[in-house]
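Here you go, one structure.
Note that the chains take the letters A, B, C and D in the order they are written out, and that residue 1 is the start of every chain.
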Amino acid sequence: MIGARGSIATCVAYGLAGLRDGLLEPIGIATARGPLADLDWAPWETFVLGGHDVCRRSVSESAAELVRHGILTSDLVVASAPDAAAFEARVRPGILDEPDVGFADLDPRASRNGALEPRAQIEQVVRDLTAFRAENALDAVVVVNLASTEAHRAERPEWADLAAFESALQEGRMQPASVLYAYAAFQCGAAYVNFTPSRGSSLPALRELAMQRGLPHCGSDGKTGETLVKTALAPMFAARALRVLAWQGYNMLGNRDGEVLSEPAHRESKLRNKGEAVRAILNDPELHSHVGIDYVPSLQDWKTAWDFIHFEGFLGARMSLQFTWSGSDSALAAPLVLDLVRLSELALRRGEAGVLEHTACYFKAPLNGGTHDFHAQFGRLIEYGHRASKPARTGR
Amino acid sequence: MIGARGSIATCVAYGLAGLRDGLLEPIGIATARGPLADLDWAPWETFVLGGHDVCRRSVSESAAELVRHGILTSDLVVASAPDAAAFEARVRPGILDEPDVGFADLDPRASRNGALEPRAQIEQVVRDLTAFRAENALDAVVVVNLASTEAHRAERPEWADLAAFESALQEGRMQPASVLYAYAAFQCGAAYVNFTPSRGSSLPALRELAMQRGLPHCGSDGKTGETLVKTALAPMFAARALRVLAWQGYNMLGNRDGEVLSEPAHRESKLRNKGEAVRAILNDPELHSHVGIDYVPSLQDWKTAWDFIHFEGFLGARMSLQFTWSGSDSALAAPLVLDLVRLSELALRRGEAGVLEHTACYFKAPLNGGTHDFHAQFGRLIEYGHRASKPARTGR
Amino acid sequence: MIGARGSIATCVAYGLAGLRDGLLEPIGIATARGPLADLDWAPWETFVLGGHDVCRRSVSESAAELVRHGILTSDLVVASAPDAAAFEARVRPGILDEPDVGFADLDPRASRNGALEPRAQIEQVVRDLTAFRAENALDAVVVVNLASTEAHRAERPEWADLAAFESALQEGRMQPASVLYAYAAFQCGAAYVNFTPSRGSSLPALRELAMQRGLPHCGSDGKTGETLVKTALAPMFAARALRVLAWQGYNMLGNRDGEVLSEPAHRESKLRNKGEAVRAILNDPELHSHVGIDYVPSLQDWKTAWDFIHFEGFLGARMSLQFTWSGSDSALAAPLVLDLVRLSELALRRGEAGVLEHTACYFKAPLNGGTHDFHAQFGRLIEYGHRASKPARTGR
Amino acid sequence: MIGARGSIATCVAYGLAGLRDGLLEPIGIATARGPLADLDWAPWETFVLGGHDVCRRSVSESAAELVRHGILTSDLVVASAPDAAAFEARVRPGILDEPDVGFADLDPRASRNGALEPRAQIEQVVRDLTAFRAENALDAVVVVNLASTEAHRAERPEWADLAAFESALQEGRMQPASVLYAYAAFQCGAAYVNFTPSRGSSLPALRELAMQRGLPHCGSDGKTGETLVKTALAPMFAARALRVLAWQGYNMLGNRDGEVLSEPAHRESKLRNKGEAVRAILNDPELHSHVGIDYVPSLQDWKTAWDFIHFEGFLGARMSLQFTWSGSDSALAAPLVLDLVRLSELALRRGEAGVLEHTACYFKAPLNGGTHDFHAQFGRLIEYGHRASKPARTGR
């Protein structure tokens, strides 16, 4: 996990421990409840967690904060302390993304990594991943990007194909950290999941590398809260042939993610993904739609969003639907991460290369596009489940 | 249209006139916008409206009220006055349902009809429908029940099959008006659509009759507002494996429908349909769920509903989604009625007998059950559209 | 505290300990922050808590539940354990109110007390209060009713004056427990605060007794949440000369209070108080107003209420205001209890007898009536503060 | 009325006609309903309306739009057509404010006026006002600024006193139009009401002029909707000693006002007033508070605002109150304008000079400051009413 000391990774770590010990039910985990539960998923007992982070605070400090914020219970944190300590011991200094200087509790080693040549950065990550696999005798490694949203970068010609990208590396041109991690993951034969809006494996150059190596990847930007509701509701307006006049969404959040997003360059990455889904589902590129994100520190990890949908029915009658969503982003994201790791591991086992299109329902901006309609996306995951549950044909 | 002078029928009448004259866009009409628009639907120009009602106030009085309430525009009402007058001339006195005595502006002829023997009641409706078809030289007749919700009636043994039902008629046992209209419709070779929670064609006896005569029918209880949103949202919680702890829904409405529903016997019919959908989609028969309906006269035709959904995510975190729906029930219902008439007419033309299962997305309590998941229901309508758009095979 | 093991009393006990130890800020306590803070209030250090309860579960069990529900922090509960144990040791078996038989964890001694003759019941409470005062060497005692809402009782002639009431006691006629506690409190020279909708000291007979003994009392029914907001907002509509058409309020709560209120007889007591305030402030006895209370167990101590206010402005324009309140009833009530104890103790010291009219802002149904306008009520408390802060005149 | 063809002025004109003809009730008019109704107010029959505007569209075109948007009824517009035509005939070309060039339907005469020297601009307005008074034989004239919000201007030294201001005029330095109108009004012996956030009579120079001439004035920025609710609710949190952690307000509006406010320079004027009130009432200059305004064209004149208030109670418990306000800004503003004209006319009659402090409850930024607590402000208006209703003392 990149961002291994953040809120989501901390929830993944304690949550996994709780699942193993029978302290938690697998609520929110689609691979463990409902129609997908019977597939041949990797059991929780076989998971080993590790990761990178650029901050110094420990996983148990993050956990203490999540207890204060009412996300984790102190019972779970106490019971899972040994697992958490083992996980902490496997976290390595990350690579600081260039525009992110100035954070409060930066690990100086991450700053040093951030100042290396890109090829040296990649080598560092490859070394860490290789050691992680060897030390834990793992059959498969899945790298999941859970770091804070990176500053938005404009398209670059060097991203267009693998050769151009590798020349740029050769010339020492700095790259977004999320891209370097993805490159290193593919170098090591790992799958890659981009749960953030950062560039990650979305570049054509990296897609080419994944295909070359026969490795699966997916992303971008986990669909956890307000966007999930939007993409569940918008198809209803389309199906009923109603005319949406305006869709306004106001998000407030108070954790580190909110703080990072209060900077315009980082916010831009996020808002791009949030705005498009509704226009696409409603097939109205001119739809009046606004998405705002405000940092409200007192909310801590509890995101609150208000959406106002103004629409026209028959006879010109104007109506509205408004909703308020109040949820813990980390507690919503963690089970999706567990699902995606299972889906990636299964794909590695089944030899699936390239973008895992059946994971689109997990993302705000699925790597290969397609519909944003959540129900249609979920339908494809179910279909994949049917395919994957069939016994392999003879001779394969 | 049964309930031909009510708000929905009035919206259908002026809306149809507005569509023909190009004054209105077909917003809210799925057979006219979107993926179903290309089927071989009956054109608006060929529709002739008639109906029954138990009240005396005229269609144009209803229209004036809807203008005051901001549903119809005065421009449309003025422009469509000739069409409305022609429709008014085709409305006949209805059959008063027994428990409904005491309404303010009852047509005394409807009261007299209500006091007849059931067989005489049926004959009366058959005469009206036969004359309507003949006078207007119609190829097909579709009877749509838009009357106020009837008082709930317990199951009766005589409803179990057609022979028992006809014996009961023979013996003069009074029947709910919605049932008599359905029986008469099938007698005349008409299709029947039950847009209300009343019994209508849902009785096994009437289903048998429809099959015998090779006639299509569908119902019950139009899915226009809060329940529509519920059945669009609940599948999201199921797909994400979240645990819904409570789903509370509070409805307020102010029109005649609200007044009728403020009587317990009538409300019971309605609430049964509203409560079940969510429990079924979430596959949790024990779900704590409450649906309330309150009469708030000042809201007139504008229904406002607030739903509160309390749910648990991973790690025991408790979250909520709440929504406020504010819509005009009549303006939402009228385009669904136009869709259902087109679907019924197409079914008559294609020789489809029995319950039109592909119309389930239009109803709170589809006659043949099935999933309440709106998106899955709509998917079936789309599939039907694909089948129905294929050219007939040779030799058929 | 009557109901000494309930959620509010538990919050009072741990909250008081936290205030003394500097672990908590006095948020929500008007006698400690803001314009009233400088009066000569009894300091927290001098408070000694005791009480009665009819249930067996301990204060620390209640506290554990409040930790699970996110109201109390485990840090506070651990730090205050000695204070809580001392309080627990001062709790005595209460008097079961007749219609309340059948509760799960009833203390059999409370059931026995409930079966005694009323005069024996009073003697029991008097004995407990006298011992409490003596053992703790207290200057003043304030009895606060925090028990669950009692079943509603119709007016009785014997309540009209003290003589009639005492004859009824003599004849052994059973009385509501809240009334018996109030009688016993006045017998012992204690002040009495009724924080519930139960009858308590509201009977003319008991008012007479309080005057006779020169004792202060106040009530009824703490104004903690939705009603507080209502009485803060309604004056705005009145001042702006707007016409409120409908005020609908839907309350959901999940704690023991909610469970008790799900029984019609108990709910009636509550709803009476909640409905009247708005009609009174808007000076419109015919206002269409509805207040509902639903038991939603998953909400635990977190009450959620939705109010919809439909109003008419100039030109007949119809508008709305809706609000959602989400708060912990116990955490809102506890500081009001601390305020009321301080106000009662000050009144005892100043020799004020009868109803403390300046406490009206704390109650849904102030004992001596008066405006429900929260701001006007609070203005009177401020005025009292000015009067009470002046040095006593010579010769008094 | 400056902005005589805008939505508010149009509502004032038709509303006044409706009041005179008995077609409307005086809802929303505090001088006509409630405790202030009995003062010696100028009767509606004596009002004569006139004004200035920089746009060409007629009052009846504005009215037609307001009918389409559901604010005015066509019945009222038809019945009041003669009054509206007479009003229209009294509207004169206004003075275009410099930064406002580029509007769609500008009156070229207003553009020409906008290009004149400031002294010539003032003379033009003075001529118009003098003629208006003479032609209609009026006892008193009240100038009300209802124009769209002007671009924000930084403080200027020339505004500090009347002499400096008049030197600046002498030197031909351009001034905001709202300031020129106020200067001209005072020149003519008229009262001045600034219902907008523009500078108007707020400059020390103009306050000096008003005192010199013995004329009353008031402003700024009518408190019609979301801010009204805020200033009615915030005192409740203060009185209960609760700690507000964050107050977020999101406003959406779709009329010309919304369009103008979508430009940053104009929005700044507005947001300054909206943000301060809550911090002041809660006495917390550091309060995390955000106010947003978004232009949502489909909402037309119907403003919708959502506020989220996050607060802390006792024991650290975090709670929230959220509200959605949905109202017609014009229908809310028009009755306040009628009130303010009556209050200004009474002040002229009573010889009150300078800022009318008792009108603070009508404004987001009262000219002489003071509390923003709506209830306290309204209390002062009531007190003024008591003073003004007493018979004049002998010898005065």
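Everything that follows uses one rule, which is that a residue touches a chain if its C-beta (ideal position, glycine included) is under 8 Å from a C-beta of that chain, and two chains touch if they have at least 3 such contacts.
Note that the coordinates shown come from a computational prediction; the quantities given were computed from them, not determined experimentally.
Q: Given the touch definition stated above, what is the smallest step count connecting chain A to chain D?
A: Between chain A and chain D, the shortest chain-hopping route counts 1.
Q: Contact counts by the stated rule: is the higher one at A-B or B-D?
A: A-B
Q: Counting in whole Å, what is the centre-to-centre distance of chain B and chain D, each centre being its mean C-alpha position?
A: That gives a centre separation of 49 Å.
Q: State, to the nearest whole Å, the distance from the C-alpha centre of chain A to the C-alpha centre of chain B.
A: So the centroids are 44 Å from each other.
Q: Where in chain D do residues touch at least two different other chains?
A: In chain D, the residues touching two or more other chains are 70, 73, 312, 320, 322, 324.
Q: Spell out the residues on chain C that touch chain B in their complex, using ranges where they run on.
A: 245-246, 248, 250, 252, 288, 290, 292, 294, 296-299, 304, 306, 308, 310, 312, 318, 320, 322, 324
Q: Give the list of chain B residues in touch with chain D in this complex.
A: Of all residues in chain B, those touching chain D are 68, 70, 73-74, 324.
Q: Please give the residue numbers of chain B that touch chain A in the complex, ascending.
A: Residues 11, 14-15, 18, 24-30, 32-34, 70-73, 76, 228-229, 232-233, 235-236, 238-243, 312-317, 319-328, 331-332, 334-335, 361, 373-376, 378 of chain B touch chain A in their complex.
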